[in-house]
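What follows is a pair of complexes built around subunit A, which joins subunit B in one and subunit C in the other.
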Partner chain A sequence: MKKSPALFYKSISVVLVTVILVGFVWISLVRINHRLDFSTLWAYKYRLWQGFKMTLIMAFASLLVSLLLGSVAAMAQKSRFLVLSYLAKIYIQIIRGTPLLVQIFFFFYIIGTAWGVDNRYLAGVLILSLFEGAYIAEIIRGGLESIDESQFELAKAVGLTPAKTFRLVTFPLLMARILPALTGQFASIIKDSSLLSVIAIPELTQITQEISADNYRLFENYFFLGLLYFVMTFAVSLITRHLERMYKHENSAG
Partner chain B sequence: MKIVLDKICKSFAGKTVLKNVCYEDDFNALAVIGPSGAGKSTLLRIIGGLLPPTSGDLYLDGIKVSFSEKELLAHRRTIGFVFQTKGLFEHLTALENVMLPLIHSFQLDKAEAAERARELFARFGLEEEGHKYPHQLSGGQQQRIQIARAMAIKPKLLLLDEPTSALDPELTAEVLDMLGELQAGGLKTIIVTHEMGFAKKACEKVVFVADGTVVESGDSRQIFTEPQTKALQAFLNKVLEWQP
Partner chain C sequence: MKKILAVLLVVLLAAVFSGCSAEKDELVVGMELAYPPFETKDERGEPYGVSVALAEALGEYLGKPVRIENINWDGLIPSLETERVDVVISSMTITEERAKTVDFSEPYAHAYLALLVNRESPVEKAEDLNQPERIIAVKKGTTGHVYAQNHLTNATINALSSESACVTEVIQGKADAFIYDQLTIYRQNQANPETTRAVLIPFQESEKWGMAIKKGNKELLEQINAFIKDFRAAGGFEKLTEQFLAEEKKTFDALGFPWFFE
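So, the complex of A and B:
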């Protein structure tokens, strides 16, 4: 058992790290002769709030759809129908191997236009879900593979039906393994949603770009934008930590 | 219990594990012995309905076991199975492990299941362990809880796959004592084991499996004192070499 360091030592270290980081940024600003002034941002508070909400909505909607897509792709990969299995594997490989920005342009302007998807919010959620779904499929596949085969044989031996095996054994074991990774993926979705600004969805990044065209305070605007994203992802990482602890409590043998 | 194995074969991806296993006997406690990799565990899984044979038939008390998935479910519910290791659900406590089959395979309500599980834990001296998760339990405790789980469903036959091979001698004795007590109480068992002492004393019948087939079988007294085949003689010489 590692002894936790003394409170005094801890607080000194926190202060030191803060001084180093803030000092570094401050000196950098001095070197380029820039004085930060956030006061102009106040006037845009309503639009920023709208953008903040839009980012959360896009991220939440994409989380749900990408979970569905990821589960289907993870299952399809293991399918005995080769067409399905190949399709899932190629989907995961291509999506994970190309930049989100390219995918957004491709799916929005080519596929979206060809098939008449002209609601950009719907398109945004679908494209982001398609992207994140490939990562979630890999998380789920890894989780399934990490479950010991003995657990399934045991389920058979005690006379569980396949449906009950899934509900009582596979699902809880899988969740315990992948929940931390899934919440981490949610933080990625929040950040990745910033790229949806290129198809003019009024989320935080798009709003910030519009504000910048109005007040010319680029540094301050993007600094603040980063802070807002950090608030969201930090909240998610707190949840992750909580879930990890819950998981450990039940199964420290991993 | 009467058992008939009629020309049972099993292969995995072209590799033959069991070939033409034939055996017929009436037993209370049957020990399956033989060298590692001979197919003992595979044979036990076929009897327990966990694996279908590639060909051949299995009869228990004169009734042919059907290996269609639907009927296997019913077959498995009449049998208790104890695994070599990792035989408990890792996300459930010891008590929940015993209760789960009662509730979900036997439709008992939760209170009844908890009652029956607690009775068994008390009987086997496991009261302290009820709320622990498998990783918090010793190997011996895990095996005894597995046996308790198998007993909870009042099986017509208990199958054990090397239940003590991962345990040290003290824990082995703990598990075998429990098993001996159950056998004395009339429970029908088939055990795959490397514990020759247990096979000799606690099981009245023995089957010797080598190279994927039954080489010799009979009363345990006779098997251990007058082995007929060369293979069994060689096997016994080897495993009994360091026995007191």
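So, the complex of A and C:
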């Protein structure tokens, strides 16, 4: 009985928010005198599906490579070998300080051409990984810095070798702390991959642009494009939430 | 909670009623300012080119001040549909597919497609491109894109978002050829003589350019058609040629290619 007002209040709020949001979009459409017609999209279902898969492939491959790059950069940043440390710091600074679009053009047409990376899919994954790797390096650095010094002292006290300390102490703690942020980064990769359309990689955005040039239903196409990206990122955010809960458990257990 | 609700309600109502702004009596012309010398910007960033001058002449004919809206190519037709612009003058080819969504004026110019070919590529004519190992660069949504999709189905077609990206792909050998109109191909070849060749021989019917307006706007369509007739009779197109395309006209005459406004 006690819960019912809360539930009532909750559902009213949900309905209200939905009405406001849908109403706002609807009024906007009425104001520009546009009637949405999604029927023309059906004819492109095969290409859209191909694009959807390509986006997932690009994002997933980039996630793997950027994890590697990010870990290396995070370690290198802490290196005592200054050249390595500066290199990592400058990499992170420049990549995070410039637009992805600029990087795509620069790396594809200049660096890629100069060094013979002609396959645009490979180039796309590498460029996206380079971009996301800088952010992942920062996530990992933050995670490393958040681990309390006493953990290492304890490890030393019980006589763990550095290798064992890493395997048994640093790594599990780090993983637990950065996993939610990493999955969140995956959502960014999915969205950022849309910019690969400028080098004609047939991912979702590119396909949608090509379809728009064919059926002229720009709004419907982009509406649907947004929906497809949302489906992907929403799935990722559900996983993130799940991992966050797991992380909390681990904390309270420890 | 109640306060928030009240605020939201007010905002919503305001959004509804503030609607219909007063109709301004001006001619809004949509074009993509990325196609020199037809639609481009001058050094101060103002719209400039053949189509801009043509739009101004149309405005004068209709007695309305002209406002140019710079819109991406794939947004031009949707802008007509949503009445963001009154007319599109953007070197747009009249196609059956486009005519399903918008109405076109009588053609005011025509152009042919041509190829910008990488110097190392064996391609000599358009048909050579229809092979699995050939790569074609096109600008998304242009008639070159449509031509490639319909006639060069065996090749890999890379649809890029800008003319300069397409040219870069050809220069770097990432693509065998870029399909675009004769004039642009000629200019790009002049600018990159060491890395490219131009195949200017027409390989299809000429493409007729029309002004596009929202479907069903009969009055404006008739006015525009009358304007084009009038403008042509008064030698307006010769003046445009003189003003913007004097060099190109000489080259086209020398090569024996038909001119845009003939």
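One rule holds for everything that comes next: the second predicted complex is superposed on the first by the 246 of 254 C-alpha atoms of A that agree within 3 Å, B and C clash if a C-alpha of one lies under 4 Å from a C-alpha of the other, contacts with A are read in each partner's own complex, and residues count from 1 in each chain.
The definition used in the following text is that contacts are C-beta pairs under 8 Å (C-beta built on N, C-alpha and C of every residue); 3 or more make two chains touch, one makes a residue touch a chain.
None of these values were measured; they are calculated from a predicted model.
Novice: Figure out whether A:27 sits in contact with subunit B (first) or subunit C (second), or with both, or with neither.
Specialist: Second partner only.
Novice: Which of the two partners, first being subunit B and second being subunit C, lies in contact with A:153: first, second, both, or neither?
Specialist: After superposing on A, A:153 lies in contact with subunit B but is clear of subunit C.
Novice: For A:145, decide between first (touching subunit B), second (touching subunit C), both and neither.
Specialist: neither
Novice: Using the superposition on chain A described above, determine whether A:37 touches subunit B (first), subunit C (second), both, or neither.
Specialist: The answer is neither, since A:37 touches no partner chain.
Novice: Let me test your reading of the model: by the given contact rule, A:113 touches which partner, first (subunit B), second (subunit C), both or neither?
Specialist: second
Novice: Examine A:218 and indicate which partner it touches, taking first as subunit B and second as subunit C; both and neither are also allowed.
Specialist: second
Novice: Quick check on the complex: what are the subunit A residues that touch subunit B?
Specialist: Answer in residue numbers: 148, 150-151, 153-161, 164, 168-169, 172-173, 176, 250-253.
Novice: Please output the residues of subunit B touching subunit A within their complex, sorted ascending.
Specialist: Spelled out, the residues of subunit B in touch with subunit A are 48, 50, 73, 76-77, 79, 81, 83, 85-91, 100-101, 104-105, 133-135, 149, 153.
Novice: Within the complex, which stretch of subunit A touches subunit C?
Specialist: The contact residues of subunit A facing subunit C are 16, 20, 23-24, 27, 31-34, 109, 113, 118, 120, 197-200, 206, 209-210, 212-214, 216-219.
Novice: Touching residues of subunit C toward subunit A in the complex: what are they?
Specialist: It is residues 5, 8, 12, 15-16, 19, 73-75, 77-78, 81-84, 97-98, 101, 137, 140-141, 145, 158-161, 165, 168, 172, 174 of subunit C that touch subunit A.
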